[in-house]
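Below, chain A partners chain B and then partners chain C, in two separate complexes.
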Partner chain A sequence: MRKYLAAYGIALQNVLQRRSSLIMDRVGGVAVLASLYYFWLALMNGHKGFFGYSRAQMISYVLAINVLRSFVLTGRGWELVGDISGGRISSYLVRPMSYAGYSLSLDLAQKTVYLGSAVLEIAIFAALVRARFYVPRHWSAWLGFAAATAMSSLLFFVMEFMVSSLAFWTSESGGPLFCFELFIQFAAGAFFPLDVLPKVIRRVLDLSPFPYLVFFPINIYLERARPGETLRVLAIQGAWLAVMVFLASRLWRRGLRGYAAEGG
Partner chain B sequence: MPCIAVEGLTKIYEAPEKEPGFLNAVRSFFSRKIRLVHAVNGLSFSIEEGELVGFLGANGAGKTTTLKMLSGLLTPTSGAATVLGHVPWRREAQLQRRFSLVLGQRSQLWWEIPAQETFRLNQAIYGVPEADYRRNLGELVDLLDLSECLNVPVKKLSLGQRMRAELAAALLHRPSVLFLDEPTLGLDVVMQKKIRAFIKDYNVRHRATILLTSHNMDDVAELCSRVVVIERGRLLYDGGLKDLAARYARHKIIRVDFAGPAPDDLSSLGTVVSNGGTRAVLEVPREKVSERAAELLRRWPVEDLTIEEISIDDVVRGIFSGSERGAAS
Partner chain C sequence: MTALVSRYFRIWMRMAAMSLKAQMSHPLGSVGFLLGKLIRILFFFAFVIAIFQNVKKLGGYDLADMALFFLTFNLVDLGAQIFFRGIYGARRVVEEGDFDFYLVQPCSPLFRIMFATLDFLDLATALPVFVLLAMVFERLPALGLARYALYALLTLNGVAIAMAIHVLVAGLAVRTQELENSIWVYRDLMFMGKFPTDIYGPAARWALTFVVPVAVMCTFPAKALLGLLSPGWILYSFGFCLALLAFSRRYWLNSVSRYTSSSS
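Let's look at the complex of A and B:
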């Protein structure tokens, strides 16, 4: 465990050291936040609610997206792809540690910084635009939201790890990850609440792990979930996590068997 | 039991092939031709504890592939190997804690932050107790002259400083087996000397077993009394560095001092290396050397004539370049 804590520590320093990259990432995040906010504000002009969301709930959904983008839909996928295709994972594979555990430590370090930054951005943004957002009345919504967000962060890490592992087979390895990232923004509800979609598409999406990454955790926060819904979401997230861990570890092991350790 | 034992080790890669040009790019998009490359082909050798062995061969001979199999990065297609009694590609932590792989072109240091942070990370990864860490680090900083580099971000270090920091990161846990791939690549002469002195010292001081690949002749000549030479994945030679020339040089050198001016045309006797004044140097096929020496003595008045082996440098350089001149193929 000590080695992963050490990796977390060094990665935290590294994220903070790469100031310009951090600032650019966060500016991009704020741009998405502002555009979604004004988009929904324009749509709801004159309406009290939209698709069953009150005005405050919809504003909160948009603000919460910024938090979940930073804590859930953020990862080291591209670095992992580069490490595999450029042969850089070699130096980790010869050391007595698990590359997945090491990668998770680095992922958490980045998420720690991004989460802190996202909360600060929302506070400043909400104060500037005087946004009225939704505050859950019951502590269980806070607790459920925190638990579901932690689970979805882990689930996204494993899914992204799995997709990035395809770099063992595809020399032009960015392709699968690029498609994954693009699709996930839409399917997880990171652009808009999934209630907006036609019912058929919703039903299909509900059979996938994607809505459990962003849409359901935010709905728990907004107290739109029926009693018992939180536990159901957590259970399904747990089941998907188990499936993804199984698939990702099999894929990783197979990838390593054929690994060519290219690039000297 | 040898520290490193390799028996019939073979690695076959599948390499995609593509002819140049746009049409061929389209064709290869739909059907890709695969070529099988025998990077290592039935290689066998063994190394005892404390030996420092040079692992030589031309580019693409299979040296790095072998090192990668011995460090567990690659699984061989067939054959067997053990390092300290472990099968390396099982990647057991007990083995990983006892060896290090240093690839000259690869860095394990974190680029944006000082090397000291990577050292701390390695301390945690290898579970080095604090007292041992301080002692080992102090020793490495002294020997590798690293004191001024410890708190500087790695990206600000010179190539030589970075290579020394790289060695320190790889040796903090005192590995008893070390695989070094081109440790002096790209370094200036002074820095090369420092690194070589350090490797020798580490080998003697800790009785470490070291397998070293290098294209730098000075590395090999200064460090390795034994060399393993491979060509196209097969063992070509395994033995003393000195015996290598005697066994693999196809030519010998005849130096001749004539009583008068050296004859203009000596090419019928061998390859003329130099010819000026009263002296000429010829490179002559090994089996013809007595006959050509006798001919020289018979045809011209000669004051002195010596027959020499080709220098070890030339033999090894010949092996590196795969040339026919210095070494047998």
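Let's look at the complex of A and C:
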């Protein structure tokens, strides 16, 4: 465990050291946040609610998207693809540690910084535009939101790890990864609440793990999910996580068996 | 002059043919990227349609108007992506010392670096955008040829502004070998052009008109077509574009004059 903590610490310093990169990354995120905020504000003009969301709830959904994009939908997929395709992964494989564990440490370091930054951005943005956002009345909503967000972050990490592992078989795995990342942003509800979509699409999406990454955690925060439903969301997240861990580890082992260290 | 244009056209055709071959040699990767780009456009379009099943107007615009703004954004963004994709490789060219070779070739290094890649995937993505745009044009009332001509001119003006921004980014890459973040900040800010800039707050609107000209690039062409843009703003659009082009050229020349060839 200590070696992963050390990797986490070094990665944390690395992210914080490249301050201009970090600031520019976050400026881009704020542009998306502002864009969606004003879009929904214009839409809610003259309406008390929309798709079952009160005005404060919808504004909060948009603000929470920024947090979940930072803590859930960021990862090291492209680095993994590069490590496998370029043969750099060989140097990690001979070390006395798990590559997945090492990767998770680095992922968490980046997410720690991004999460802190996202919360700060939201606080400044909300103060600037005097946004009235929704604050959960019950502590269980906070607890459920925190648990669901932690689970969805892990779930995304494993799913991205799995898709990136395709690099063992093809040097063109960047295409599928790009497609996966874009699709997941829409299917997870990271641009708009999924209630907007037609019911048929909603039902299909509910059968997939995607809405459990952003949409359901935010709904828990907004207290649109009853306590029983929160537990159901957490249980489904757990089930999807188990399935994905199983698939990812199988894929990883098979990939490693055929790995020829090309380029390394 | 004709000989010069003909020579540059031949160079461009050669680089386009090389890009096509490169993209065809990665079929899986290319399909993944293409699918991702199509998903992005179609999901957003579906989102806008779904919204307008519940409201009649948004910020004073109806569905056809909003679709026009969204598709105009796509035209400008795709125009820049298709033709100026080479800029994305500028840092590598400078870092690996290849820029020295560009400087000794009988061709403008800016032209060489900027048009090095023609993105055929984005070209394919442009097809559904044109089809959707034709459908939107059909839903608009008869507007007259002059309005459509002005729309085309202002859209081209938007692409020219995007070109100037790409030249600035290329200049930055030659100066500092930093590129990725600045080009991604531009891409994220462009996200705000998906919606008419009228929906944003006064400060954001001002910044998007006079500082980061997303409004001039994406909103003004559509507003001109709808007859909502005054002659003063039309003149401003063209004037801004000319000034930015002149400034970006100066910045590029100045950056090249400071180039030390330290990487080669």
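Everything below uses one rule, namely that the second predicted complex is superposed on the first by the 262 of 264 C-alpha atoms of A that agree within 3 Å, B and C clash if a C-alpha of one lies under 4 Å from a C-alpha of the other, contacts with A are read in each partner's own complex, and residues count from 1 in each chain.
Throughout what follows, a contact is a pair of C-beta atoms (placed from the backbone, for glycine too) under 8 Å apart; a residue touches a chain by one contact, two chains touch by 3 or more.
None of the values given here were measured: they were computed from a predicted structure.
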Check: Will chain C clash with chain B on chain A after the two structures are superposed, or do they fit?
Finding: fit
Next item on the list: Figure out whether A:99 sits in contact with chain B (first) or chain C (second), or with both, or with neither.
Entry: neither
Margin query: One more residue to check, A:78. First (chain B), second (chain C), both or neither?
Written below: neither
Notebook entry, point to check: Does the superposition put A:90 against chain B (first), chain C (second), both, or neither?
Noted result: first
Notebook entry, point to check: Put chain A at the vertex: what angle do the Cα centres of chain B and chain C make there, to the nearest 10 degrees?
Noted result: 80
Checklist line | Partner chain in contact with A:10 - chain B first, chain C second, else both or neither | finding: first
Check: Thinking of the overlay built on chain A, is A:2 touched by chain B (first), by chain C (second), by both, or by neither?
Finding: first
Next item on the list: Check whether chain B or chain C contacts more residues of chain A in the superposed model.
Entry: C
Notebook entry, point to check: Touching A:181 in the superposition: chain B (first), chain C (second), both, neither?
Noted result: second
Check: So, A:252: does it touch chain B (first), chain C (second), both, or neither?
Finding: neither
Margin query: Looking at A:27, would you say it contacts chain B, chain C, both, or neither? Reply first, second, both or neither.
Written below: second
Notebook entry, point to check: Does the superposition put A:198 against chain B (first), chain C (second), both, or neither?
Noted result: second
Next item on the list: Could you grab the smallest C-alpha gap between chain B and chain C in the overlay, to the nearest Å?
Entry: 5
Notebook entry, point to check: Where on chain A do the contacts with chain B and the contacts with chain C coincide?
Noted result: none
Notebook entry, point to check: For chain A, which residues are in contact with chain C within the complex?
Noted result: 20-21, 24-25, 27-29, 31-32, 34-35, 38-39, 41-43, 45, 47, 50-51, 129, 170-179, 181-183, 186, 191-192, 196-198
Check: So in the complex, which bits of chain C are touching chain A?
Finding: 26-33, 35-37, 39-40, 43-44, 46-47, 50-51, 54-55, 58-59, 178, 180-182, 184-185, 187-189, 191-192, 194-195, 199-201, 204
Notebook entry, point to check: Which bits of chain B are touching chain A when the two form their complex?
Noted result: 13, 64, 68, 71-75, 91, 93, 96-97, 99-101, 103-108, 110, 112-113, 117-118, 120-127, 153, 181
Next item on the list: Using the touch definition up top, name the residues of chain A that touch chain B in the complex.
Entry: 2-3, 5-7, 10, 13-14, 17-18, 87-88, 90-97, 257, 259-261, 263-264
